[in-house]
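What follows is subunit A paired twice: with subunit B in the first complex and subunit C in the second.
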Partner chain A sequence: MAARYDRAITVFSPDGHLFQVEYAQEAVKKGSTAVGIRGKDIVVLGVEKKSVAKLQEERTVRKICALDDHVCMAFAGLTADARIVINRARVECQSHRLTVEDPVTVEYITRHIATLKQRYTQSNGRRPFGISALIVGFDCDGTPRLYQTDPSGTYHAWKANAIGRSAKTVREFLEKNYTEESIATDNESIKLAIKALLEVVQSGGKNIELAVIRRNQSLKLLESKEIETLVTEIEKEKEEEAEKKKQKKST
Partner chain B sequence: MALASVLQSESVDFSNYGRQRHGFASGLYEAELGLESVGGDRLSFALSTSCSNEDGPDRKIEFLHGTTTLAFKFQHGVIVAVDSRATAGSYIASQTVKKVIEINPYLLGTMAGGAADCSFWERLLARQCRVYELRNKERISVAAASKLLANMVYQYKGMGLSMGTMVCGWDKTGPGLYYVDSEGNRVCGDLFAVGSGSMYAYGIVDSGLKQKDLTVEEACDLGRRAIYQATYRDAYSGGQVNLYHVHSEGWTRVSQSDVLMLHQQYQAEKA
Partner chain C sequence: MATFFGEVLSVYSRAVEEDDDDLDDENEDERIHREIEEKREVHIVWCPEVAQSLEDSGSNKLQCSDLIIAVGTNAAGFLSAYVLNTESWDAVGHVSLWNERSRGSSRQSIAPLPGEPACLFYRHRDNPAVLVCQSTCYIAEDQLFQWTEKVFGCLQKRGLSVMVLSDSPVAEYKTPDYLYGSAVPFLRSLKSSASKGQALCPALEQPNILTGLPAAVLSHCQVHQIPAVLYQCYTDVISPDSITMETFKPALLCLSKLVKLEPCLSADVLRKFAIITEAQSNLYT
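Then we have the complex of A and B:
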């Protein structure tokens, strides 16, 4: 059945699916994991760094990109598609500043990206973008925001979310561990993001890339040293927790 | 035209002075006249339309350059005051023209230049503002609204639009006042007066605004008096003074006073 209805993007299947869009979502699931956390005074984006070939320069592949001073995004899926979407979003951020004399709100730029994606699900001769994006930032009034878009062009606001490979596992971890305490301070929020990624990333701190935006500050990429320190902290805490449990059991 | 020759010497000074300091005010008329240099044979902005019928490009449209509109910011918002006379040469076409356009409950636009141009583009602006509000779930800022208007008319630059408007409102950054015209000028400011009677109005407002903290009453009074003085001396302004006050809750129509009544009132006060 699917064979007949999955070639053209503009054709619905009898049971109401747009197969091309669903296949695009499959492509997203193959991309490396990205996680986003909305704290109180900070928003955190973490991505799994794919291992780089020996001769390849590490810094040319960046999965976290700034769209403007106060907004940035991470994606999962086809890198080339992401580049186009990011370009358009960056231009739109500046156009908005020009016509409205105000920086974009996170919701506005998310809506713009989602509308762009939707357009590509409804025109002839084009295929959908094969990326999901996590867009984070602060609005003018200081509220932190986190939005997720997917290839179909829908967008939702989240407190914390993950996309890409093993997104389900990470999301379940976040559902259990995202509490008022866990985002109480900036450091705690960052640690939560790292903990979430460590669930699915193989070899620890070296394969994690982390970026944060604090209120009224621009995007900061954490250095690998900082990430390493935080990872060791987390591992210490884990050991302490394990010891406490052992003590409880023995008593 | 006796009046023309009398005003010509003054008019020359006016246009020069206007060109240097108030690019926006005279810009309107440079477009109208289509000349860069001071034309001795061209009449100043004190006189308008019918002359251009005879010696200028064929323009049979009635333009409200003969007008006085005024807006200024103060502590409690923005005061907008306008006259209500429309002239076709030396004929007074109407004494009851509405020169303030209510774009939406918190934005006002004044009208100077072509009445059709002003009201059309400002109604279009109202539509854009409403769409913005629905899409973004918040009111549009005065800066953005004036930018939208300026961008809209800039596409028609050089095609004969004539519009000199002040966009006044209150947004989350406080009171906003922008002058926008069909030449593409868009200027933010604390005080603007547009039209043939603007110089007289400036005189009154400039001296009255010395004290920084005006009450609403005092500011309204100042605006009213400024328009009155302009109508007193400028032949092309008159009728009624329409006064609006823009504050944090939106705009309120404060008063509509006939100029002749005001004249009697002020004369009585002097005595």
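Then we have the complex of A and C:
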């Protein structure tokens, strides 16, 4: 049945599916995992680094991009589509600053990106954008925000979310482990993001890239040394937990 | 026949067979058909030892207790990584054929280069009754019957047992349920009625069908009552991929009864097969 209604974007199937949009969401699952966490005074974005070819410049393969000083996003899906969306978002951020003399709120720029994506699901001759985005930042009043958009043009606010290849596993981990005490401090929030990624990333810390925004500060990409330190801390904590459990069992 | 403009045309009557003119055309047609048939013929080229043992045996057949056929890049990669990685396998032959998508005719007697799509046979040194066939080239529908007849024509039917591994895109898998991402890749099996053992994964559900070389082999085994089992892996990746190759692991249980397998090295070898394509794909980030 899908075969007859899935070639044109502007055609609904008899049971109400827009197959091209749903297939676009499958394209998102081909990108590597990205996780976003909203803490109290910090927002964290963590991504699984893609393996780069030997002759490729590593710093040109980035999944986390700043849209403005106080907003950044991570994406999963088609690289080229992401570049276009990011460019349009960046232009809109500056245009907003010039016309309204205020930086964008995170919700505004998310809405702009989502509207752009939705437009491409409703015109003929174009296909939907094959990316999902996690947009994080702080509003002027200091509230931290995390939003997620998908190829259909919907957007929602989240406390923590994941997109990309093993998003379901990471989301389940976050549902279990996102508690008030797990985001009590900045460091704890960062460690939660790393722990979530370690569930699905092969070969540990060197395949993780992390970015944070703190209130009234701009985007900061963590260095690989810092990430390695945090990973070692996490592994030590895990060992201590396992030891405690063993001791409890034996007594 | 008189036309509207007054000219007279001589037309051929379908009621009468005019042999004289047609004979040349027919001959030419026949000649063209014969040439095409010869071009599309399937040739099996065995190495000298095997060719010798075929001649020595009275019936021109090889002793074979187990034939394992891998069709497709992932199935072939799985066999290369998990089975053929030890030194105890000899390359004993290859199939040379030509069709629009596999142009191997220029090198009939020379073995295909490694990495080229081809159809290769390997035999275990310690247990020469175990044959492995890796088929990564495209075999056209009209050549499948010839392939099966010629390959099975070289093998003794008595005591033969066949296992086929193949891969297929999950987009071809028809099911009423939505296949969530974590379920893919997965295995499905099909057996000939002579096959007695338990398959290691669920059977292929209707209305899914097999096509191509796996179907031809299984049909042949069904007709000639040879026990055969097929494992088809449905995967969402087009290129050879280590996770897809690992899905074939349950088949190792059967294979380890026949030949000694190297257990641990395989992960790196798998990654070697898969990583060549991963790094070059910048389409998704």
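Note that the second predicted complex is superposed on the first by the 251 of 251 C-alpha atoms of A that agree within 3 Å, B and C clash if a C-alpha of one lies under 4 Å from a C-alpha of the other, contacts with A are read in each partner's own complex, and residues count from 1 in each chain.
Operating definition for what follows: contacts are C-beta pairs under 8 Å (C-beta built on N, C-alpha and C of every residue); 3 or more make two chains touch, one makes a residue touch a chain.
Since the model is a prediction, treat every value here as computed from it, not as a measurement.
**Student:** After lining up the shared chain so the two structures overlap, which partner does A:31 touch, if you call subunit B first and subunit C second: first, second, both or neither?
**Tutor:** second
**Student:** Is the number of subunit A residues in contact higher for subunit B or for subunit C?
**Tutor:** C
**Student:** Would you sort A:102 into first (subunit B), second (subunit C), both or neither based on which partner it touches?
**Tutor:** In the superposition, A:102 touches subunit B alone.
**Student:** With both complexes superposed on chain A, which partner does A:51 reach: first (subunit B), second (subunit C), both or neither?
**Tutor:** Only subunit C is touched by A:51; subunit B is not.
**Student:** Is A:79 contacted by the first partner subunit B, the second partner subunit C, both or neither?
**Tutor:** second
**Student:** With the two structures laid over each other on chain A, which partner does A:128 touch: subunit B (first), subunit C (second), both, or neither?
**Tutor:** neither
**Student:** Considering only the defined contacts, which subunit A positions touch subunit B in the complex?
**Tutor:** Within the complex, subunit A contacts subunit B at residues 99-102, 105, 108, 111.
**Student:** In the complex of these two chains, what residues of subunit B are touching subunit A?
**Tutor:** Listed in rising order, the residues are 135-136, 140-141, 143-144, 147-148, 151.
**Student:** If we count contacts the way the header does, which residues on subunit A are in touch with subunit C in the complex?
**Tutor:** 26-27, 29-32, 50-54, 56, 61, 63, 75-80, 82, 168-169
**Student:** Over in the complex, which subunit C residues touch subunit A? Could you list them?
**Tutor:** Touching subunit A: residues 180-182, 275, 278-280, 282-285 of subunit C.
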